[in-house]
Each structure stands twice: as C-alpha cells, then as structure tokens.
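Some notes on the structure that comes next.
By letter and in written order, the chains are A, B, C, D, E, F, G and H; residue numbering begins at 1 in each of them.
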Amino acid sequence: MNKMQLKNMLDDVAAGKITSDEAIMKMKTEPYENLGFAKVDHHRSVRQGAAEVIYGECKTGEQILKIICSMLNNGEKSVLVTRLNEDKANYLKEKINIKYDSVSKTAVAGETEIKAAHGKIVVVTGGTSDIPVAEEAALTAEFYGNKVLRIYDVGVAGIHRLFDNAGDLADAKVIVAVAGMEGALASVVGGMVDCPVIAVPTSVGYGANFKGLSALLSMLNSCASGVSVVNIDNGFGAGYIASMINKI
Amino acid sequence: MNKMQLKNMLDDVAAGKITSDEAIMKMKTEPYENLGFAKVDHHRSVRQGAAEVIYGECKTGEQILKIICSMLNNGEKSVLVTRLNEDKANYLKEKINIKYDSVSKTAVAGETEIKAAHGKIVVVTGGTSDIPVAEEAALTAEFYGNKVLRIYDVGVAGIHRLFDNAGDLADAKVIVAVAGMEGALASVVGGMVDCPVIAVPTSVGYGANFKGLSALLSMLNSCASGVSVVNIDNGFGAGYIASMINKI
Amino acid sequence: MNKMQLKNMLDDVAAGKITSDEAIMKMKTEPYENLGFAKVDHHRSVRQGAAEVIYGECKTGEQILKIICSMLNNGEKSVLVTRLNEDKANYLKEKINIKYDSVSKTAVAGETEIKAAHGKIVVVTGGTSDIPVAEEAALTAEFYGNKVLRIYDVGVAGIHRLFDNAGDLADAKVIVAVAGMEGALASVVGGMVDCPVIAVPTSVGYGANFKGLSALLSMLNSCASGVSVVNIDNGFGAGYIASMINKI
Amino acid sequence: MNKMQLKNMLDDVAAGKITSDEAIMKMKTEPYENLGFAKVDHHRSVRQGAAEVIYGECKTGEQILKIICSMLNNGEKSVLVTRLNEDKANYLKEKINIKYDSVSKTAVAGETEIKAAHGKIVVVTGGTSDIPVAEEAALTAEFYGNKVLRIYDVGVAGIHRLFDNAGDLADAKVIVAVAGMEGALASVVGGMVDCPVIAVPTSVGYGANFKGLSALLSMLNSCASGVSVVNIDNGFGAGYIASMINKI
Amino acid sequence: MNKMQLKNMLDDVAAGKITSDEAIMKMKTEPYENLGFAKVDHHRSVRQGAAEVIYGECKTGEQILKIICSMLNNGEKSVLVTRLNEDKANYLKEKINIKYDSVSKTAVAGETEIKAAHGKIVVVTGGTSDIPVAEEAALTAEFYGNKVLRIYDVGVAGIHRLFDNAGDLADAKVIVAVAGMEGALASVVGGMVDCPVIAVPTSVGYGANFKGLSALLSMLNSCASGVSVVNIDNGFGAGYIASMINKI
Amino acid sequence: MNKMQLKNMLDDVAAGKITSDEAIMKMKTEPYENLGFAKVDHHRSVRQGAAEVIYGECKTGEQILKIICSMLNNGEKSVLVTRLNEDKANYLKEKINIKYDSVSKTAVAGETEIKAAHGKIVVVTGGTSDIPVAEEAALTAEFYGNKVLRIYDVGVAGIHRLFDNAGDLADAKVIVAVAGMEGALASVVGGMVDCPVIAVPTSVGYGANFKGLSALLSMLNSCASGVSVVNIDNGFGAGYIASMINKI
Amino acid sequence: MNKMQLKNMLDDVAAGKITSDEAIMKMKTEPYENLGFAKVDHHRSVRQGAAEVIYGECKTGEQILKIICSMLNNGEKSVLVTRLNEDKANYLKEKINIKYDSVSKTAVAGETEIKAAHGKIVVVTGGTSDIPVAEEAALTAEFYGNKVLRIYDVGVAGIHRLFDNAGDLADAKVIVAVAGMEGALASVVGGMVDCPVIAVPTSVGYGANFKGLSALLSMLNSCASGVSVVNIDNGFGAGYIASMINKI
Amino acid sequence: MNKMQLKNMLDDVAAGKITSDEAIMKMKTEPYENLGFAKVDHHRSVRQGAAEVIYGECKTGEQILKIICSMLNNGEKSVLVTRLNEDKANYLKEKINIKYDSVSKTAVAGETEIKAAHGKIVVVTGGTSDIPVAEEAALTAEFYGNKVLRIYDVGVAGIHRLFDNAGDLADAKVIVAVAGMEGALASVVGGMVDCPVIAVPTSVGYGANFKGLSALLSMLNSCASGVSVVNIDNGFGAGYIASMINKI
C-alpha cells in the first residue's frame, strides 16, 4: 500500500466515508485469506503485479488444492504450482483441471492456455541434465505471458553449438542461462550479448561440485558484466525475474 | 558477430568486394587493441551496448592511463574506472581530466557530465557502512545515463525508515538493494515492489558474517521472488545490470 | 549443589548426623538413576528448575518407556518427549497414557493437561513449512506452563501480514521467531519489539540454503539487537529458553 | 506503532483534530533524524525501550560526534558507543565529555554514571584473552542499569575454578558466557544453573578454530538446554539481551 | 624392514647364503598375500605389533571371509572385523565361528576369548547415542588384550555424573572420550586427569552439528593439553591407539 | 575450426565453389546432430581426436540408445558409456551388442575389442574400495587404445606393497593414482617417478573425509611436483587425460 | 580432588580437626592464585602431573612476568612459555633469567637445564618450513624431561630420505609427525612403526591448503591406524602428549 | 631406485665388488646432502629427470644461496628459484649471477640461457591480473627447455579474443590455462583442442571468489574432458607438468 493509497483512505476517514474501525479492518483483512495452515496473499497481484505462486514441495495435495481454490475464487485466472511431484499432480487431476508438466514438475490450474503477449525470453542450458530446471524457468515465464525460446545442450565444452545460436541470443530481451558443473555458460553468454542474463546454477554434477556450489560460485564471479544469479536449481525464480524484466 | 553480419561479409567475399584474407584480418583486428599487457575491447560498445569498464584494482596508474587513452582515441566519449585508490587517482589527475569520487573509489574520464536520459533506478542500503558499495552502483548507473535515487540507512532493524520511502520504491523501474550482515533488506524490499531487485551483499559485519557469506546466502535464499544477486561488494555489476534493465 | 547445600551437609557430618561415607554416597547416588543405557537425572528439577526432557531421536520405544517410568516414579508429574516418530508413539500409547502431537513429533506423558500460569510467549514463523519446528517450541513452552500465541506464515516477502500482528508482538514477554530460507523474520521482528527474541533457523529451503546454514548465519548477523539464536530446527531449545525468560 | 496508537491517530483524523497530511507527516518525520550519512532513530527508545547504540567501527570520529549530539539533543541522557578505537576516542574527548574503556573499546557520552537498578547479571569467561569481549558485554549491561558480576578465567581445563563460583552462578538472573577455542564453558555453565545463558563465542584461538567457528558451532550444539548464542565477539549483543531479560 | 634387517640379508647375499634373486623375491613376497581384490599384509604383526584389521564397510561377505581365512592360515590367532552389518555377520556365522556385537557392528574371528593382560583403559561417552562408537573403541581395545572400563552418558550438561567417576578416571592409564554435539566432554576430562585422552567426535546431533564437524573442531581446539583427536566416529582408531599407549 | 580451415572455406566461397548460404549451413549443421533432448557432437572426433563419450548418470536407457545409434551411424566405430547402472545396461543389452563392466559401471558399444597400440599407462589405488573408480579410468584408457597395467591396494599405510612395484612405476609413461581417505598415494608416487601423475581423489572414507574433500585437498597440495588433479571419483577424466598424454 | 581425598577431608571435618567452613575455604582457595587478570593454577602439578604452561600470544610482557613469578614462588622449578615473540622475550630477559629459542618462540624460566630422564621421542617434519612448529614440540618434550631426536625435511616427495631414518623411527617410543601441505608424512610414518604417532598439521602452504585445512583433514583420515591429531600448528600440544605417553 | 638397479647392486655385493656396508652407505648418502636446515636432493635429477627447484617463500636469502651453491657444486647446470621476493633477489645478485624476473618472482642461477629444445607449450590467461602466475608457469617451462607461446588476457567475457588465437591453440602440444574469478577459460579451451590442458586457478577476484575457491571448483568440474588441475596460484607446478608431458 503506497503513500497515495494511504492518503486516499485517510481522506475517506476524514470525510466520514469510512470509520477508523473500517479502515483498520480494511488494512487487516484485504491482503490475504487465512486458511489456518497458510495465509493466501490475494493482495499480491495488486502489490507485485503477479499472483502468489504455490511452492508444492512441503505441502500436501489437499493443502495445495485448497490454496488453488482460494486463489481462483478470489479473482486469479490462472495459478502456477511448482515442485509438484507426480503423486500430488495425480491427486489434483482427479479434483480439478490442471495442465501438468512432468519434466519441470510444474502445473497450471484455472485457464491453462496463456497468451504470449511479450517479447522474447531465451532459456539456454549447458547440458541435457539441466533441462528440468530450465523447463521450470521456461514454463514460469510462459505462465506470465512471455514468448520463450529454448536452446538446450549448448555447453562450453562444444562451444560451436552455442555460437550457432548467436543470432537468437542477440535478439533476446533477457536470457536465462541454466548450467551445472563449472557453470561457465553464464559468463560466455554474458560476454556475447547486451541484454541481462539471469544465471541459474544447477546441482547437476558430482564430487567437487558440492551440490551446485561450484556453479554458484562460478556464476557469482562471472567476468561478464550483465550476469545476476539466483539460488541453485531455482528455475522458477529465474523465469519470474526474466518476466519482470521483459515487461518493463 | 551475428549471422546477418556474417552473411553480409561472406557475400562481400563472394562478390569479390573483399578478399578472404581481408575478411580474416577484419575478424581478427577489429574488436580490440593489443596494448601488450591488455587487449582493449573496442568492439564491445557495438556488441554489448556499453564500453568496457576499467577495473583498477590490480593495474598500475600507468596501465590505467594507457587504457583510458586507447579507449578515448577509439571513439569512446567517456570511460569509467572502478576500484581506483586515491594514489592512482592523483596520478591520473596530473595527466588528464577525470572526475573522481573518493567514497566509491570510481572515476570518469573524457566527458564527465553525462545526461540522465532514462527512468528511475533506486539504490537502497541497510546501513551507513554499505554506502561505498552503493555509490559504486549508483555512479555506474549514472555513468550509463540513468537517473538514480539514493535511499540509504533504511535497514530492517528500524523498518519504518524503509516504509517511509515506500512511494519512491513503488515508482522505481529497478532497485539495487545493498546490505551486509544478515542481508534481509533485499527480501523485504523484494516483497514490497513489482520491479526487479538486484541484491548486492556487502562484506560489512564481523564474525559469523564470514566476509559477506551470510548476506550472500541470505539474498540467494530470498523468499521474495524478484530478487537476483551479484558478487559480494560488486556495486559496479549491480549498477550495470540495473542500467541494462532500465533501458529495455 | 550450591555452596549453601554443601555447607549444610558438611555441618551434618560435623554434627555426626550423617557419616562421611553416607555423605559421599548421597553425593554419588542422589542426582540420577542408572538404567544401564542411560543415567536419568532426577536431581535436575532441583538444580535447573525443570525435569530432563527425553530426546527421542536415537532411542528405542522400549528405552523411552523405561526413562519415562523412572522419571514418573521419582516424582515428576509430567514428562516431555521430543523427536518421537509415529511408530514409537504408537508403541508408547499401547503401554501408557500419552498425548502425542504428530506435527511437532512431541508427546507428553503423566499429567497431560498443564496449567498456563505465566504470561504470553509468541511464536512466529516465516512460512508454513516452518510449522513443525514452531510447534515443537510452542508445545515445549506450554509443557512448562506458559501461555503461547501462535502467529504463522508471516514471512517478510509479504510483510503486511506481519504488521497486522504488531499489537500481539508488542504485548509479548518473549518471542520465538522460526524461519528458514533467508531467515530475515528474526531481524524484522527484533526491530519491532522491546522484548527478547529467540531465533530458530530451520532447514527449510534448498540449494544455497545448505540445510539451514543461510538462515543460521542470517540470524547470527542480525542487525537488530535483541536476537539470540539456537541450533537449526531446535524448536525445543527455543521453547525451553523462552519459558526460562518468561518465568523470571 | 501498534494498532491502538494507529486507531487513536485515525480517530484524531476523523475528528478533524489533525489532517490526513499531518498524519502522514507525523508517521514520516517522527521516528528519526536524517543526518545525510545516517538516519538517527529517536523513536527507538519508545519502540524498543532502549536508545540506538552507535557502532563505531566504520564511522569517522566526526560522524560519531554528530550522532551523539543528535541523540543527546533529542532527549537521550546517555549514549553508548562500541568498537571505538583509541584515536576516535581521543578525538571525542577533545570535544565532549565521555568515559572511555580501552579494554572493551566502548565509551559512554552524556551522563556517564548510571545507576544499577536491576538484579544480578553474571559475565564469565573461559580465559584471559576473552576479557575484551566480556567487558563489552558487562559495560553494555551496566549502561542499561544492571548490576554485573565478573568471573573471568574459569575455563573448563581447570574446572574447579568454575565450581568455586557455583554460588554466584546460582544467584544470577541471567548469565553471559564468553569463550573461544572449544567454547565448552557455555555447556558446562548451562548444565549448572536454571537461568538463561547467553553464549558469546570469541575468535580467540588459532588453526582449526577458524576465527571463532569452533566455539560458535560448539555453543549452537550445546547439550545443555538453556543456552542461546550471539555472533562471534558480539559482547554488545549479549549484554543488551541480558539486560532485556533481566528487566522482565 | 629396518637397517639391521637389511644388513643381515645383504650379508647373507654376500656370503652366498641366498642369491640376489632370492633376496628380491623375499622382499617382494614376504609381507603380504595377493588375493586379487586385496593385498593381505601378513608382515604387519611383525612391523607394527598388530595384525591388519578388516574394515568391513565396502567389502562383500565373501571378500571378508577370504581375508579372514588368509589371515588365520598365516598365523594370526584372532581377527577383528569392524563396520560389519548384520547381513554380512550372518553370512560369516554360517561359515565360520565369529563373535558378533550388534551395537558396535564388530566381530572377532578365530580365538574369540582374549585375555586382558594390560592395565586399565577407560572409555567415556557424553550421551547414550555415542555408545555404538564407544563400543567399537572398547571392543577394539579388548581385542588387543586390554582391560576396559566403560563410563557412559556422563556429558557436561549434568556434570556431577562425570565427577562421581573422578576416581576411576584418575586411575586410568589412557582415556577414550567419545562425544557428539559440542564435544565438550574431552576438554573437561582432559582437565581432570594426567593421562593421555584420545578424543573421538561423533556424528550424533543435527543442524549446525554438520555431521560431526562441531565436535571435531571443539576437540581440536581443546583448552586442555593432553587431548589428541581421531576422525569422526572412528571408534576403532581410538581403541587401537589407546591400546598402543597402554602397552608402552 | 581453425584459421586454416576457415580460410579454405572462405576461398571456396570466393571461388564460387560453395555459396555463402552453404557455408553458413555447413558451419551450422556439420558439428552435431540434434536429437531434441541432446546435441550429439559428431565433429568432436575431428576437433579433439576423440569421440564424445556418453555420461549415463542422468539419461534414460532410451536416450542412451539413441545417442549410441546416432554416433555409430555417423562414423564412430566404438562408443563408451560411463556411469551406467545395471538396469540401463540390461536394457541396452537387449537392443544392441555391448560389453558391460559392472565394477566400473562402464560399457562399450560397437566394436568392443580395441587394439592397445600405445605405451604403458599404470593405474594404482590406495585401497580395494577405490577399485571401481580405478577401473573407470583403466577401461577408458583401454577404450582409447592404450595398454594399461593395474596395481591395486598399495596404499601408504603398508608402503612396502607400493615399493615392490617400483619397477613398473618407473616404466610407466603416465600414471593414474586413485585414492580416498588422506590421498597420500599421489604424493608418494609423484616423488618416485619422472612421468606425469594424474591424481583422482575418491569419496571413499567417512567423517572428516567430507565425501572426498580430504583426498582432494591433499592431492592439490601435493609436495611432489608432477601431480595434477581431476574431480572426486572422476575415473573417466583421468583415463582420458592419461590417454591424451600417452599419445603425444 | 578424587574420592579418597574427599573422604579424608570429610573425616577430618567429622573428627573436628577442621571446621566445615575451613573445608569449604580449602576447596575454594587451594588450587589457584588469583592475579586479577588470571587465575594461576598451582594445583595442576598435583592434579595433572605437570605445571600450567603460559601461552604468551595474547598476554603482555608484564602479565607473563607476573605469572612466572607466581608459579616459581609456589614451588615450580621451571616454567615454560610458548608463542613468545622477541619483544616480550627481551622484556623478560631484562627482569629474570630465561632461556629463549627464537625459532620456536618458546622460553624456559627458573631452572633452564632439565635432565632428560625418559626414553626417546622422535620429531619428524615434512619440510624446512615446518621446523618452528616442530621445535615447539621438541622443546616442550625436553622441558618435561624427555630425550628428543629431531629428523627434519624428510617429506614424502623424496621418500628415501625418510627410509634412511627407519631405524631411528623403529626405536622411538612415540613419534611427533609435523607436516603442512598434504600432510602425507603422518600416514607414511604411521604405517612404518608400531608406536603412537601424534600428527601436527601445519599452516605451511598456500591456495587450497586453506591455512592448514588440507593437512588437518589428511591426518584425520589417515589410513594408518596409530595416528591421532592435534590442532594446526599446535607443536606444544603434541610435545605435551608425547611426554605424557613416554612417561607411562 | 628401480628393481633393475637394486638387482645390479645386490649382484655387486654378491660378487664381492662392494661390501654390504658400502651398499648401505651408497643408498644412504647418494641421494641428498644434509645442510642442517634442509636435505638437498641431488639424486632427483636421476630419479625424476629434473633437479629439485627451490621454493623461496619461507627461506632466507642465506639459506637459498647455500642450497643453490650445493646444487651447482653437485653437477646441476642451472637452478630455478620460485616465490623469490625482490629483497632476497637483490641479496642473491650481490653474491652470484642470477637472472631475476620481477613479475613472476622467479630467478635462474648458474647457466641462465637455456636452449628451447622441445615443442610448443601455450600459456593462456583470462585477464591481466593472472599474468604473474602465468609467467611463473612459462618461465618454469622455459627453464626445462621448452618453447613457450604466451596468449594473455583472452578471458571468456570477450571470447572472440580467444578464438582469434584458435590456430595457435590447435598447434600446442600442451596448454596451461591460467584464470581467476569464474575460471571458465579452462573449460572453453579444453573444448577447443585435443591436447592436455593444465588448469591453474588463481586467487584473482574478490568476495565469493573466496581466494581462488571459485576458480578451483570450476576447473575441477570442467565439462571438457582433457582438463586437470593444480593448486591455486601454482604456476610452477603447471609449468613443470607441462614440461613433463611435452617431453614424452
């Protein structure tokens, strides 16, 4: 609630249009619905321009269903669920209409066909094992109405595969670079283009990879200047930020 | 060099306008100048939309001077130097016209007055000790022609100081959040706005801060969705990315 | 055994009321009962004002049962068991009367209804996934006779949810703040109130969370002054300390 | 600002006693003074029951002086400065009356004699090298009006030195345990008493101490139940929390 | 093979008692038997005064059986196997006579009753969860002919349990101190006695324990002087070293 | 594609032998085949002198089969698959002819009998548990046509076992040293020979081994000069590099 | 104070030989002298068989002098000071008679010539840079009356230098192995002998040595069975333990 | 000393050509000279094909001088000294003829002009700050008689600078890749060539670089197959290994 909105409400109080009790109630009840186990933030699409997304990892199928229904009942057209395993997805499918993607473990409820109204986001990966994280990013960006171009398995060990796609990279408004192991892809892509690169380290690898630490540190230390980083395996976050930037 | 440019040049070769040797020479010599100790990348302003910036930390005053001159002689109007200590700054001042900021340790050579042509970037800090890093970000963004609003010392321990500035935060096109210690500022700001937040962990703190590790991990694990992260103390990187995003 | 108690016993020896052998025996046998696999500390409720609690993680149902019985037989009215999985709980239920909570994995044996005689402890969480740890804290505090108010899912990404509860926070005598991911909740709460805040980092999260390390470091580096920290996921410890403070 | 205060102000707006603009202005200007480089939080003594303390590490003598004056001019009777080196202390001494302690590097400005109105806080250390951190805690607690008993150099390698002080430990309302190296002191003290123990790991030690990490982890994993932990070398934080608890 | 033995063999060569080829063969074949998957070191009981012990973790039951037989056939009277799970133990039981201990996961083959010929080794633990590691140490020491006294569950949170056993500790020739969590037991014991203390950190604990790291660092930084440390959970190593020392 | 090849192709364009579109197409399509889920790099045997190897860990049996077929159809005589578990190996066996090794989890498809044309590579291990990683190295080297001598279980705790093989070590052209735990084998071997030693740390061990970290750091800090290191458990990498060196 | 001593004193109380107040006073005052900044533990030579040693690192010359005098006045014949820099040593030399060793930074006060009454301790180092730590160990052992043999610069990169000394190693009753970098020396020595090996990792090295971490982990994971470890650079601790073992 | 040499010497003993004492003496004295503070390994050029190199970091100028003289007097023609600061270099210059390079801090004594007899080693760096480490590698390789081509400042942020040198890279027999920050250079180079790449992580960078850890992990996790790694900043080691490989 920014200053302008606060002033308007206070003016309404001063003008006797609403009482101070009503004002307090409004500030208290408006932004979210209390489901007991969770407080669903309906105000967020106003405040942040995007509805709250459901992180499915630690929630039961029943809990996810309730949150979806609460959101759809409060005006959301579509709801995105991430980190949704097959069992919970099957549970939801029996109850409501969802579109589930088993690679990225994401689902969309409500209106599942979303129009791609905004310019091009490119999602690149170093290897094939990075694809689930990349798909989480890509589907998230598509959920928010962006066109997405996927360029997968173009890691730096065979760098000509990347350069073949230089034209598409140059046309991107924002790029999501997904890579595990040494994570060099983000730096190389960052040096080739003049748009922001969101780097997603993945936990792909073994040994001195330390579950994604090597790629994470590598991307944070990128010698290319336009690269910022999200958490290991955080495809959703990268897709969300890419969408934010793409809509500016 | 994208596919279109490659095709044009190959067509020129096919048409006999240039020889294959000339084509190779062109690909080889155009992008940078070899100063012996460094290869200055003049092609970068074409490729990335921004000239290479000089990282002054490990270079001598003499080396920095040579690179500045090479860049100005090759068409750059202004050159930014970061991590420039006072001694090297004084050396440069004796030789050429620079505008030096001792807080952020940055300097601009060439045309030092840059027109702010683009919308608002907001730079916020948690404490006063984060200001040098924040200024590196702010001055970098200004160097690239952006309007910058500074909101400093608004950390979460006295969160009303932050909320007083909610209106300015809401108006921002992109926000740079600079914080050390627990780095919570990025998450709180990220939850208040609908624009991208570039988080810069700083090494401010002591003990279990482990030279910025606590703020870094905190920001990477932000529960707010629009936050991406750069290296510890990397004010330049944040300012650069914010500028990229702001110009989209 | 403090100096006063030591002096009394020595006086008894001097007065011939007890022999030196009896005194040694008393010092040796009084404080605990040796069950072979464990030494149950019956003296602790005298020394520390609270009976030893049973940490159920690595003990078998049989061992836990024996320790409960030893404690109840030595004057304890109620016994708290933490980290008790469903199988062991079911085993105990068949043998004795217990009150088991499957969310926090805690049980109370003996008298299970405990009177809340002391002022208000508030337990807050950042997300819904932090609730099991929070419940361990809340039930521990209730076990020791404290009134507990739960305010869950009020993390900093939607900080208005937290501020709606500012009144309750201000009324607390001590607050337990439970959060995973970036753990910013502790700092924000710490800056809002003038009572001690016990911060509990949780292992909720993934990637650069490193199993709770990010929240732990974040809370240790809190820029708010009244925050102290316990081990990752240590809900019991936080509830115990909160109870100690609340009773001062 | 809690709900009651908000309601009163909104009632004043509704009653025409103040305009909505005045209400906004009041919320905006009251809590702190903007010195340019810092926002001094005068509202804090109302909100948190204690004035903001000045962390002197990264501030110049001039900046510290300005903040002190701003605080004294706004109603604070005394101001505490921590991490103040001798040079800055000498600078302040030339300008205003301060009481400086060179062991703990703390100073008090304004009224330097503070009445000890509250019960006993005990500060214990493992070794002599931990004394500077312990003094920071002790002087902070005294600054806030608490009686402090110091018991230094009673580490577990000669544990009879600690037990000699068992009576004083048993009388404490809250204990601050300061130790480096293996940090075992906190666990042993925690097992002896029934009051809260605030553990302060110090960076005293070498090698596998890793600048305080060993003591920090040791204290976080304490097998005694009443121990909570603050940052490495954070004597101020421990003294502040101990004071908070002591005043309940 | 020390210099004296080398000289004797060379003298035999010079005297024509053995040929140089025989000498080489002797140096090559004597010390071990090559089973293909392992080289069994029969020379070790000569060189080190103790037969090689079988670490069962990564070996199959079949492999362990072959090594046992090889060792018994080459003059060993008894063979110790550590980290032997129940399945492999059952496999061995069907084939040969072994004495298996399911707590410590160790077995003895060959002569299973070993005479305790040497003075007292004391094994102490902080908690009940440390017992499996402690038993590995105790049984190893008994395997090598030492008398062992077990004092379990005497951790520092109830330190009077430890002091009740001060007499037994004072009588020990060497002590093995086994503890997880904060590992303070080693320091406290080390400060009470004048014999060597072998400290064994265990992985018992959770969270900031980091799988034994906290106890390990704690023990390495012990402020008591007679403490040396072995790997996390390495009960065998501690028992072996204690036996070495006890026999000096 | 090096400068010479580029020049030749450009000359062909200039001479009208191929059009610029054909040149672009050639650069684009030649190096790899796009299977959708992966881009198979057929150009690699030209560029790097060795065909791409299939890392089987995260791929399905179906995907591996398709890649094998693509490679065999494009001129490869043999294909190596690493990290192939038994299930996937059985799947492949049903479809095509492969030679599978269950210890190292590697398979060869196509021509499975490869001629050993190059001089001697020696693979040594510290213990028996290191053998799977060593076999991955040995079979990789044999796949690329090298003679391999295996010397296993010669760790430094019984160093005479290593010295018995000094002659074979001295004859090696390159040595692969595979060891877990303290990884000392690499340094000792490195000090005995005048050929390059490729060190492979393994994750064999427990506790302070931290999943191979101890052996990794040990090998990186080797005081012997000819030792370079690959990732933990990376037998393939070591065998590949050894082959590269052996063929120089 | 063991049980026997406790019984005697209690009998004295019962017999009226001493009052209970005197008994308490005796328990309180006997063991140490309170110098204000330190509590000197005069009881330690009784309890632990060795006087307290002064760790000079964080103490002033004046403090060290006072402690030495307190110890000499209370019956110690000689006092050892470790980590004593040249400045403090010079200060002491002006006041009292000390024997200072500038390599190990140790000094002996009181009687400086100590008779070597006990059998052989061998101190070995990997390189020349490890000598200061080794000398701290050697001089400590000599201070406690042991014969010490030094074998320096025999690291595993030239392992024949070590084997030349196999005879002396075989004669040792206990060995102190001091090494930095990869710390392999401890394992190799441990495999050659049948006496206890105290391993001292040193901080000698750079890069992935991480200030001694590599040698520390290496030694903790030693595949030789008789090796226990002390803190990085803790020569004193190793010498002290070696002396303890040697005197058994 | 390999088996063949051992057999010959034993035959000489058997034949009475040398006595067994002489044989022992020969094994003992031949390989090194004992200078008291160091054992100079003259046998190494026989055993390893290269003389021992002097690591100057922790040695005094006097010690270095003595070792140089010992080596030159024992048949070495040239001696390499690394990590030699300017002060020590100046000291040496006054005494003997050396050729000192102040960038890499290396010196050559004895014959300073060494013939480049072997094929091409290429040394590449990511940035200008990596040059000192690269020069240490290059000069080491030249010291051992190799031709070296330097290609500096060709990091992946401007990857066309690297590709311009593809021809030279393709011609190399072995490549040393030196890079700090994210260390991506090694992977990119490794994917372009079919010769071994020795990767040297440098400590160049700041923040999440953690003194070279990011580049180190990155290089260990390289997705290109021919890359092995040495310690952070270990230019000497890389140059030495490259020389070993180049001479095969």
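Just so it is clear, contacts are C-beta pairs under 8 Å (C-beta built on N, C-alpha and C of every residue); 3 or more make two chains touch, one makes a residue touch a chain.
Treat the numbers as computed from the prediction; the structure is a model and nothing was measured.
K.L.:
Any chance you could check whether B-C or A-D wins on number of contacting C-beta pairs?
P.N.:
More C-beta contacts join the chains of B-C.
K.L.:
Where does the C-E interface recur among E-H, G-H or B-C, taking recurrence as more than half of the contact pairs being identical by residue number?
P.N.:
Matching more than half of the contact pairs of C-E: G-H.
K.L.:
Between chain F and chain G, tell me the centre distance in angstrom, where each centre is the average of that chain's C-alpha atoms.
P.N.:
So the centre of chain F lies 49 Å away from the centre of chain G.
K.L.:
Between chain A and chain C, what distance separates the C-alpha centroids? Give it in angstrom.
P.N.:
38
K.L.:
With chain centres taken as the means of their Cα atoms, state the distance from chain A to chain B in Å.
P.N.:
About 25 Å, centre to centre.
K.L.:
Tell me, which residues of chain G touch at least two other chains?
P.N.:
Counting only residues that touch two or more other chains, chain G contributes 1, 3, 158, 191-192, 207-209, 213, 216, 220-221, 225, 231-232.
K.L.:
Can you give me every chain pair that touches, using the contact definition above?
P.N.:
All chain pairs meeting the touch criterion are A-B, A-C, A-D, A-F, A-H, B-C, B-D, B-F, B-H, C-D, C-E, C-G, D-E, D-G, E-F, E-G, E-H, F-G, F-H, G-H.
K.L.:
In the complex formed with chain D, which residues of chain A make contact?
P.N.:
3, 6-7, 10-11, 13-14, 16, 19-21, 23-24
K.L.:
Quick one: which bits of chain F touch chain A in the complex? Just the residue numbers, please.
P.N.:
Chain F residues touching chain A: 1, 27-28, 31-32, 37-39, 41, 43-44, 52, 57-59, 63, 201, 203, 211-213, 216, 231-234.
K.L.:
Which bits of chain H are touching chain B when the two form their complex?
P.N.:
128-129, 131, 152-154, 158, 160-161, 164, 204, 206-209
K.L.:
Sort out for me which residues of chain D touch chain C in the complex.
P.N.:
For this pair, the touching residues of chain D are 1-4, 47-50, 53, 166-167, 170, 173-174, 191-196, 198, 216, 220-221, 225-232, 236-238, 240-241, 244-246, 248.
K.L.:
Under the touch definition given earlier, write down the residues of chain A that touch chain H in their complex.
P.N.:
Of all residues in chain A, those touching chain H are 126-127, 155-159, 181-184, 187-188, 190-192, 205, 207-210, 213-215, 217-225.
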